[in-house]
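Below, each structure is written out as structure tokens.
Below, chain A partners chain B and then partners chain C, in two separate complexes.
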Partner chain A sequence: MLFVILLGSSFLIYNLAAIASDPLEELRVSSDPKVKQQILVLIRDLQLNVPPPLRYFNWLKGVLGGFVGDFNLGLTRSHESVADAIGHAIPISIRLVLGATILAIVLGITVGIVTALRQYSKFDYAMTFLSFLFFSLPIFWVAVLLKEYLAIGFNDFLADPVLSWPWLLGLSVFAGVFWSSVLGGSRSQVFLKFGIAFSANALVLFLLSETHWFAQPALGPLVVFAMSLGVAFVVTHLSVGLSNRKVLYGSLSVSVLGFALYLPVQQLFTKQFSDLTLWGLFAASLLVGITAGYFSTKIDRGAAIRTTSLVALLTFGIIYVDRLMRTWKSYSETDAINYRPVPTVGEANSLLEPGNYWFTTLDSALHLFLPTVALTIISFAGYVRFSRGSLLEVLNQDYIRTARAKGLTERTVIMRHAFRNALIPLTTIIAADFAGVIGGAIITERVFGWVGMGTLFNKAIGGQDLNLLMGVFFVTSSLAVLANLVADLLYSALDPRIRIGK
Partner chain B sequence: MKATRIARAIAVAAVGALTVTGVSTLVVNPADAAVRSTVVVVSSNAMTSLNPGTPDTNLTINADIAYVTGMGFNYYNDQRNLVQNKVLGSYKIVKNTASDFRVAYTLNAGKVWSDGTPITGVDLLLSHVLSSGAYSKAAGLGDPSNTEVAPLFNSGGYGGPYDSHVVGLPTLSADKMTVTVRYDAFQPDWQIMGPGVAPVHALELMAAGKKTLQSVSANNTAKAKFLTDFKTKNSASLKKIANIWSNDYNIATISSSTNPLLLVSNGAYIVKSAVSGQSTTLVLNPKYNSGPKTSGLKTIVFKYIDDPTAAAQALKNGEINVFQGQADASSVAQLKAMSGVTVAGGTSACFEHVDLRQGAGPGTSDDYTGPFAASNNATKNAKARALRTAFLLAYPRQEILDKLVKPINSKAVLVNSSFLLPGQTGYNTIVAKSGVSKFTAGTQAARTAAALELVKNYYPSASASNQVVDIDMLWGSRANTRRAAEFELVVAAEAKAGFNVTDTMYGADGWGGELDNNDYDAAFFAWCPTAVSQTGSNANFQSDGSNNHIGFASDSVDNATHTLETKLSDAQITAQYLIVEKKLISDAVTLPIFQHPAVTGYTSALKGVKPAPLSPNLVWNFWQWHF
Partner chain C sequence: MAKKKTAPAVAGENAIELQETAGLSQNQIVFRRFLRHRAAMISVIGLLFIVLFVFSAAGLRFGSERNAATTPGWWPYSITDIADMSSENCAEGLVGCPTLDVLPAFIDGTGMGLGKHPFGQDDIGRDYFALVMRGAEQSIQIMLIIGSIGALLGTVIGAISGFFRGWIDAVLMRLTDFIITVPTLIIGAVIGHRVGNLGVTLLGVFLGLFAWTGLSRLVRGEFLSLREREFVDAARVAGASNRRIIFKHILPNAVGVIIVSVTLLMSGAILLETGLSYLGFGVVSPDVSLGSLISQYQTSFSVRPWLFWWPGFLIVAIALCINFIGDGLRDAFDPRQKRRITKRDLVKADKASKDA
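Moving on to the complex of A and B:
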């Protein structure tokens, strides 16, 4: 069935595209004396004298050749192999969109849950308003604004990285409003929370600004330790609850170990650091986490190991980010960057000398920054609305009332009984979104100058490049079909009532 | 407990140390722009090949990179004049009779490739292989005119005037520094038909499987081998070279592992690296001596940014330095608003024109019978000519220029000659004498009134509110907003002269394919000449010209265009142009309108940028760029 769908749709697309395009168009108005030869060459190269329905079978022959190890999607009009072009483009598309998609899913689901728990609160209304606002923004416009303020404006700011008072107060008021509305409570509590968030934020910003921190950001071991402790508390609270002291101590000991290893690990962070070492360190953190979890408790070891492993990985993540932040200053000072570290366009700075792992990593991270923010803003709204609706529906189910009646803590009810069931409908859109990731973000790639699948598709249409168009179409349609299958498999993993079989 | 305390003490000390070192280097000074030696140029395509000579790799960006990395005998400057590069060598006509026309190309001694190999006349011979279909057939390299199989040298050079007029093989002088090319008759465009240098030794070495740069003596041996292969038409050797020339140069990723023989060139810069779909980095060629001295830029990067808004913002953010932008009013305003950015206006190679159909086009058999059709019947012919004249009189050229072009290029002027563009030698003479004043004199209102009178002679009921002559107009697609706006202006203006202009049948994508069709009465689009040539417009107006889509036929014009194919003085050329132009005006065949505007924005600190209308547009004078 899937095969028939692919076959039929590719036949249709091939013929429609072939009929709609005229590769000779430009040559018809050319005044070049060699135009006759050029037309002959084009007809010869693109087999324009073969009617499209027959030419389709030529193309299909190459695709079916895959079964005998001779896969061939043909050549683009610039004589590049289509398979190679797509092979180059897929990792770039994934790099561009995957991070943003994951971020949008995590943020969207988190905010969705919070809004569902605080239904009809001011925070809920504010988030609903924001998500609809973001949902309706065109990406090319968001991109222009982000570039103007987060890149050009921020780079200008870095020349003299001191926050002016209006900015400082404005940002602090925003933080105060945000946190007080998220945390909620009675009126006096809200005011108290606003006051704390406002003054803490203002103080931190003031210190950062006065020490020119933005031009030379770093966390330092103490902040890393504090953040790691925070992670330990939050992760433990969400997974097993703070009342489970044994697991909490396990998590905290992982944080302490991370702090102790902070300086020794810096010795590994040399210029020659490689992705291999990075994976090695990730594995080591995981091992530390597993060990700590295993020895922290004898009951429910699985949950303990999950908790401590996550704490260990996040702690290492913080240490790694800290190292990247401390690269910022010397990175900015290179000739290639010239004190304007946030770029607006491209995948990497081609002037940067290769050979320094931290420079190149920071460079790709910074080039990813704006597209990721833009894509997250746009796609986050959908997840917020979906997860909010889905969780509200689940919370009204009888088994939630049963769970509460049993005397389970609210945390267990939400995280174990409600959240997991709320994920099931979300799976469908997540799977479809991942297929879309490979399909490319045509406009995003264009405005940020990335050459992924979207650009190939755009180029294929604009340049009337039939083989390229079909190559992109073939890959994306196959992935869409595959994503449906994966969604079906995920259902069974999440919902014990669904079983795969006859 | 004690251990923790010690650890904490160490940590605090470490933080302190970090903070102190941080504070001590607080002051941030943006680097002085004057010391920068790198220019990042935006290209609207990514490089696909180091060889722009095949039909598939003939992209602007490939040609630009080839131009910067290779010097030839001449180049176009920003005034559309062909300038000789006397540093590399010189060329001159050495014989000119009715059936024997010879041009000798002499290289100066001591010029070298980037690998140190001397440049000699042997390096000029590959051009013949790439341009002569006869040589390709004789050497067993395939027939370029075969409609099934491409020739082994998949060159875009076949099929031109060189191919049809060259006689025998180019001859090499005894000192191997001069190559003489013989043609069967005078070639009006002989200056731009000539050979260019190619690193034939590198091709030979790669054909022999070499992957590294070789010694100069090995290079000279390889060069001698090419000479033998060329003279003896050694099919086996040439096939290997053909494969390398047609395929191996097509690389989008270049790094230190790329075969350095592919990068051998004689330009001021050589390709150092390229990231597929992103950028190409060129660095100074230390052995360069084939052209004008450079002004000190060490690196030129071509960065691919498709989206003009993105490129403009990147310019503002200092990521790029030069950007040839989309020529629309809002982009220009955006660029002009940026500080530290200089905006240079100007024109591109294309000029817009309106054509009125006379008869059947070359590709069609049925006849054109619309209101503009020329006829052997004198009365009918006079009527059609009057209607065409009226149509052109009412055509709102000035309004189009003022509303659609001037906001972008405030210096834009109307183009009044179909052969020459404003500023070119002879343009003023032609405009003064061709009779085009008929369509420029007075106000547009007066011309429209005159047009309406002409129409009324044949259709007495015609008026500004009663359009009696139906004109179907062919133009570009609606996706092109300027053309769409142009069409709206034309419809409104022609209505005042009694014409009902529609585009009911056309105006869609794929319009170019409809040019040979007989069903339209008028068309407007652009010619984009890629070179200045005295015969460049012949194909448009010769009765059998390949671009004569409107079916215009005139014996006097055919005679003039044939005369243009011979050796003429500037005055004689102008005289022939005038013959054609006068006929085009009196018969109301076509009118040029405006040159397409071009916009370049660049970092103000960068000096010497002078965008040129002809390829290689922006980079033509890269050696003059400096900070």
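Moving on to the complex of A and C:
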């Protein structure tokens, strides 16, 4: 069935594009004396004398050749292989959208849940307004604004990394309002929470700014340890509850182990560090997590293992980020960067000397920064609205009342009964979004000067290059169809009431 | 968690709800709910204001810039007039700045006023207010065309396939699948590249021909469930024709779904058009749209930011208004949606019951 749809839509777009494009346009108006010959050559090369519906089957033959090991998407107008061009572009595009999509999903769902739990509160209204605003933003406009203010402004700030008082107070007031409205409570509690958040934020920002931390950021072992302990508490609280002491001690011991291994691990973080070592360390921390979870309790081991592994992975993540942050200063002192670390265009700084793992990693992370923020802003809104609506729907169900009536804690009701079921319909929108994001990236790539699928697409349309266009189309719609299939399968796996087929 | 409601309070809320809807038709209830949606009402007023302002300033224009049918607007400059660069209101070394002054005299010393070029001038001296108004007009026009064609096609195709089912449904829904698989931007670019220079009206029409797929799926679903209901059986037994059943019995019941998704279709349409024009595959010079204005002047952001701000603001304002209207409509049409009962309502109801 999916195959038929792919066939149909490729037939449709092929003919549409063939009718809409005119590869001879340039030659027609050309005054070259040999223009007739050129036209004839082009007609032969592109088989323009064959009507588009028949030419389509020629193209299809190349695609279907993939089944017998002879995949062929044809040649571009400049006689390169389309498959090669796309092969180069895909990893770049995926790198561009993957982080943003994941970030948007995580943030969107979190905010959506909080707004649903605080329905009709000020926070809810503010977030609703914000998500509608984000929904209405054209990405190319946001991108230019981000470039101007976030990148250039931040670089200017780094030249003299001291926060001015209005900024410091403004940020602190924002933090205070944010946390007090998220946490909620009675009026006096809200004021108390505002006060705590405001002063903590102001103090930290003041210290960071006075010590010129922003120009030479680092966490250091103690802050890493504190953050890791925080992670352990939060994750345990959300997954099994703090009252489950055994799992809590398991998570905390993972944190302590992370602290103990902080210095030894630094020996591994050399210039020659490679992705392979990274994955090795990743696997090692996962293993530590699983072991800790397994031995921490005998009851409900699955949940315990999930909790401690997450804590272990996040702790490793913090240690890794700490190392990257400590690269920041020497990175921005290199000639290629010259104290302006946040870039506005491109995928990587070509002037940067290769050979230092941390420099190149930080460099590509920074190049990803602006596009990721832009894409996240755009797709964040959809997730907030959707997860909010979905959770509210679930919270009205009878089984939630039953769960409450049984005397389960609010945490269990929300995390185990409501949240999980609210996530099921989200699989559909995630699949659709992932496919759609490739389309959105066409514009993003243009603004940020990335050379991925979007650039190929622009080239194909601008240069009236049918084969290239069909190549891009083939990849994106295959991805879309595949994403839909995965969503359907996931859906039926997650929700046993749904049966696909007869 | 929110405070749990006690049984009498719930009964009281229901009574308020019932009392409010007593004696009203479904349409009246929906309309009242919509009027009460504050954000949506502000957006309706805002959108009407923007549309009237833009259309009256620039004058109506159909067809392409080279070959247009126009009515004059009230703004003196047109987008082809090239005026001398004025340095009024400018910082040192700049020309063509916006002369719009919204701050009254007691704040910044100069009085409020439009000045000669309220939105400034572009790099060759054209009045930017005229350009933005024309651009907004073209963008709104495309949006409305896409919306109405999409609504018409989507409703008809969805209604036919949902009502008649069988092979008609199979064929139409496969067609929908074919189009829906292709990312909108790809279809839009393929079409826009070809017909962009034929003027905004045609561009809108062609884009509209591919914008109906989502709506038709929704309408089909609605028709599939409504056609099994008792009132349809009753109408059929009474001898109503298919056409009468579709138009008089089913369609009015599906109209909520249609209206809501058409609003969302329109907010998507304006973002699609501006995106295409930004890429250069939509409205092309000498025509202007909000997207093409941004694309044309984005490089001058650091020196002359106003060339970038105004069109962007308009896009955001239009799309935001439409989204809020769509949200208000959805709430109004949703039968499960209950009005939030405030403390004041409860007090009022309490008093009324005591009086009685």
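As a convention for this text, the second predicted complex is superposed on the first by the 479 of 502 C-alpha atoms of A that agree within 3 Å, B and C clash if a C-alpha of one lies under 4 Å from a C-alpha of the other, contacts with A are read in each partner's own complex, and residues count from 1 in each chain.
In the analysis below, a residue touches a chain if its C-beta (ideal position, glycine included) is under 8 Å from a C-beta of that chain, and two chains touch if they have at least 3 such contacts.
Worth saying up front: this structure is predicted, and the values here are computed from it rather than measured.
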item: Chain A as common anchor, with chain B and chain C clashing or fitting; value: clash
item: Partner chain(s) touched by A:L117 [first = chain B, second = chain C, both, neither]; value: second
item: Chain B versus chain C as contact partner of A:F135, first or second or both or neither; value: second
item: Touching partner for A:V144 - first (chain B), second (chain C), both, neither; value: both
item: Contacts of A:H417 with chain B and chain C, given as first, second, both or neither; value: neither
item: Which superposed partner A:A20 touches (first chain B, second chain C, both, neither); value: both
item: Which superposed partner A:H367 touches (first chain B, second chain C, both, neither); value: neither
item: Partner chain in contact with A:F457 - chain B first, chain C second, else both or neither; value: second
item: Most chain A residues touched (candidates chain B, chain C); value: B
item: Partner chain(s) touched by A:L263 [first = chain B, second = chain C, both, neither]; value: first
item: Partner chain(s) touched by A:R446 [first = chain B, second = chain C, both, neither]; value: both
item: Interface residues of chain A shared between complexes with chain B and chain C; value: 20-21, 140, 144, 148, 446, 458
item: Residue ranges of chain A touching chain C (in the complex, touch as defined); value: 4-6, 8-9, 11-13, 16-17, 20-21, 117, 119-120, 129, 132-133, 135-141, 144, 148, 410, 435-436, 438-440, 442-443, 446, 457-458, 461-462, 469, 472-473, 476-477, 480-481
item: Chain B - residues contacting chain A, complex; value: 4, 7, 10-12, 14-15, 18-19, 22-23, 25-26, 28, 30-31, 36, 38, 40, 46, 48-49, 54-57, 59, 144-150, 156-161, 247, 250, 252, 273, 275-279, 281, 299, 301, 303-307, 309-311, 313-314, 316-319, 509-513, 515-516, 525-530, 535-537, 539-540, 546-547
item: Interface residues, chain C side, partner chain A - complex; value: 1-2, 39, 174-175, 177-179, 181-187, 189-191, 193-195, 267, 271, 274-275, 278-281, 291, 294-295, 298, 301-302, 308, 312, 315-316, 318-320, 322-324, 327, 340
item: Chain A to chain B touching residues, read off their complex; value: 20-22, 24-26, 28-38, 40-45, 49, 77-80, 88-89, 92, 140, 143-144, 147-148, 151-152, 155, 158-161, 211-212, 215-216, 218, 220-222, 225, 256, 259-260, 262-263, 326, 329, 332, 335, 338-340, 342-351, 446-449, 451, 455, 458
